[in-house]
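Here's a structure for you.
Labels run A, B and C following the written order; every chain starts at residue 1.
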């Protein structure tokens, strides 16, 4: 297993390198620059600004300078929020995004697994049908539709919760964004759990446990659930990419000060280093998560086969 | 040597007739399994309705989707207080009828789905066939590129691509197609890898079939099932992604009545006019749901067939 | 021994009394700022939203008063030479927040740093009026050739290239701020971090959470600290106007520096006591590329400008109290008087349309040869609505306009390149003087003269005005220049901006003003 992981890490390096290159050149290809704005600047000033950020050098030279910086851990300055470097900005925004992400995953696991299990236990009943249909809808609803509607109902009509922003970190600001982000995940996990549980419940070892006379709760809890959860957990890892995309939309809708929204804004503002650094980071995270999931699955799988 | 004696001709004709019947029987069988899934049938029905709506939009829609009625800004749906019969689902902030815009919007959504899936499917099949068939360095290169594309969240990548190409519906579609492609490439390649060592392929090669013929006429038809299912999924993903891009202002530009763009325009009015947000959202939801149901049904119907053959 | 303990006791009691006296609640002003600050270093600031924070932290030679007009700041007095080209400032005796005295050297250091090409300061051109500034900024000369001199610790001498009556107003702008030489040399770019920052103004930065909020706390070493009532001001970065409004309504904000425009009617009805709409020194206009067909013909430009119904745009399309504009310089600009209005200002709209139609036909266009043009604007709801309205207004005189919108970045890049026929633009004054508007139409201004207006008479008048030191005479010359411009209509002014904000009735001392400057040091909160 270790050699597999190491091999994957080694092949990741050239991939990351390609990603850095692609991210760099893609952003520079986009028309318009970071300093074009309402306020018309005289040409001498533009020259000075470009020079200050190396933007007047030939593209390839800028690329090499950037590579050198990355190797030293310097992602470059933000061209918009100029007192902070990209690294500092990511560090300040990442906790907010991670808060959203982890809460959403947690909710997804807790609620999704419970609902899915319930549906599996009452297979083909009314409960099963309703859970499955609702989750089917949950997956189909784009979260940029669900989120404004949720905030409309809970935030405006019932005026229970603030509809936007981070406030100063109070809990009530977190509720809507987390729910909006978590809903599609909950639906997905519920379906997955139900399918997996149904399979496990009909499997031989569960029938054996029941035949042995074990109490139902222990049968479900100990044996069935644990085995049923394996595909669920491995898939969660793969859902990180989907979660990140969902986070972008959720953060935009709720003006959440995380990295998602900021990244999107930076693309439009041509804040080159931010986008390059952000893309690199995201790609890195996804690759890491994929690696962990693959390793985990490899570790778990032989056990199932021998069961 | 071709034997063109009358007896041989009769044989050929019989063979052809049998082959036609076989195809018909295959389709009938497929439909039988598909119809067992009630949800899939409903989904198909809804989808067909959508297609009809899109095709006959100018006839069905009560108004022209671009006309701004200056005296009817933000009129609520007909069943609410202040609603007007002329505007069944109300109007938006510049006085355009929402129902008409939704109906015309179906055109865009279906257009997006078809174009994106076609591009992604074509490119994906070609690349997947090449990768699986040729193997070696070409294969590794293609798969690496696909891995890199898959390393990014699709929406983010699409956003960067649109930033380069410029906002707009066509560019959004190109970006989304690019982002969805790896799925098709992987599928095709996997199918090719598993089929290429099968007897019938070896037989065809021994009989002297050329590479292209082998790839497209021999192997490909047997890989179609998972591709069809993936195509259906990608259809709804394309619609969703295009709507997401439109929502972020990077997709179809106003005043295009694309559902996602309508949502983006409506956001600031959510406090005063819930209908401007809800109905486009419902449209997206129903369309995506219908397609997903059909996709599920397809998968269930095609799978047993695979297992049996 | 006894005396000592007695003294300690007195001090102890005194302190106790002082603390109970100061046990009043701390006055915290919570401001919804409609944008994220870029930097706390004055040389890297280019947005209005950021300047609100730096204006609270650093005081230039002059600074903004309660009504937005410049008042003495770091300089307590000054003299101007006969020819108007040499200014001698006497600095007030005051210190930076770490106790170091503020000296003339801080200004020399700051201005040299501002104009050094390496710094890449966006607003450096603001001080081009200083002798040698442009050469330093373009790398042709070293910073020591700049026309500023620290005659002694409290005397600063500045030489200009020409008399400039607007120079004093410019000095209140953050571009002309001093920077603490000792801190900048010690910490480099990190001097603005909360743990390092040193200021000479009423407030100092204690905390900055990017994209969320920045907190400024009263600087006790400020020379006028006794008159500063507010102890702490928190600037929340809130680009979402609707959310900002919601928080204001909930009582979580005392000031909201912008509103959600489409809510204007609701706000007028329900929050009239908080809503403040005041004229703002800026003009929204459409610019014609006047060196390319079809806009080389002044009749075409004038006709299109006449056909715009400005009253409908401001009253029906926007409805936020903007004023229709027939001149480029907004009324109320200092050193000016009434601006030069286009001659069709008082013409009833129906007649204006008729005349416009006639002009178009005269220029050779008509139903068999319709005029087809492209109108560009950058992506925003208001710009779109106005463009759509203008499109139908132009249709009346037989002109077909195609609408083309792009992202802000691309829009401005293309404007500078001249890649447009007619496009939307806006200009907000950096300093209170008509030259700050009119220079946009001077041919020597280069790419920022979007329309490429090249009128000898106009350029000549502008050059003349620069050399004159008598304010009255200068105003007249500039007025003549504007008349030439409004006759030629390289731009079609549409409306003057207004500032819109929500001010809680608990805030005392708020004065609406055209520069929209409201330094926190003059504000107070009812408790």
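Assume contacts are C-beta pairs under 8 Å (C-beta built on N, C-alpha and C of every residue); 3 or more make two chains touch, one makes a residue touch a chain.
Predicted, not measured: the structure shown is a model, and the values here were computed from it.
Trainee: When B-C is set beside A-C, which has more C-beta pairs in contact?
Mentor: If we tally the contacting C-beta pairs, A-C comes out ahead.
Trainee: Work out per-chain C-alpha centres and flag the one nearest the whole-protein C-alpha centre.
Mentor: Chain closest to the assembly's C-alpha mean: A.
Trainee: Which chain is most remote from chain A in terms of Cα centres?
Mentor: Between chain A and every other chain, the largest centroid distance is to C.
Trainee: Between chain A and chain B, what is the gap in Å from one C-alpha centre to the other?
Mentor: So the centre of chain A lies 25 Å away from the centre of chain B.
Trainee: Let me have the rounded angstrom distance from the C-alpha centre of chain B over to the C-alpha centre of chain C, please.
Mentor: Those two chain centres are 51 Å apart.
Trainee: Using mean CA coordinates as chain centres, what's the chain A-chain C distance in Å?
Mentor: Their C-alpha centroids are separated by 40 Å.
Trainee: Can you list the residues of chain A that touch 2 or more other chains?
Mentor: As it turns out, chain A has residues touching two or more other chains at 31, 268.
Trainee: Residues of chain B touching 2+ other chains?
Mentor: Within chain B, the residues that touch at least two other chains are 166, 271.
Trainee: Which parts of chain C, given as residue numbers and ranges, touch two or more other chains?
Mentor: 242, 407, 410
Trainee: In the complex formed with chain C, which residues of chain A make contact?
Mentor: 31-45, 47-53, 80-84, 88-89, 92-93, 162-166, 168, 255, 257, 262, 268-270
Trainee: Quick one: which bits of chain B touch chain A in the complex? Just the residue numbers, please.
Mentor: 39, 144, 147-148, 150-156, 159-161, 163-164, 166, 236, 240, 243-244, 247-248, 260, 263, 267, 270-271, 274, 277-278, 280-281, 284-285, 288-289, 292-293
Trainee: What residues of chain C sit close enough to touch chain A in their complex?
Mentor: Residue positions touching the partner: 36-41, 44, 46, 117-122, 124-125, 134, 137-138, 189, 192-193, 208-213, 238-240, 242-243, 246-247, 250, 407-410, 412-413, 415-416, 425-428, 440, 445-448, 450.
Trainee: Within the complex, which stretch of chain A touches chain B?
Mentor: Of all residues in chain A, those touching chain B are 15, 18-19, 22-23, 26-27, 29-31, 136-137, 139-142, 144-146, 148-149, 151-152, 156, 241-242, 244-245, 248-249, 252-253, 263-264, 267-268, 275, 279, 282-283, 286-287.
Trainee: Along chain C, where are the residues that touch chain B in the complex?
Mentor: 242, 260, 262, 266, 379, 381, 384-385, 388, 405-407, 410
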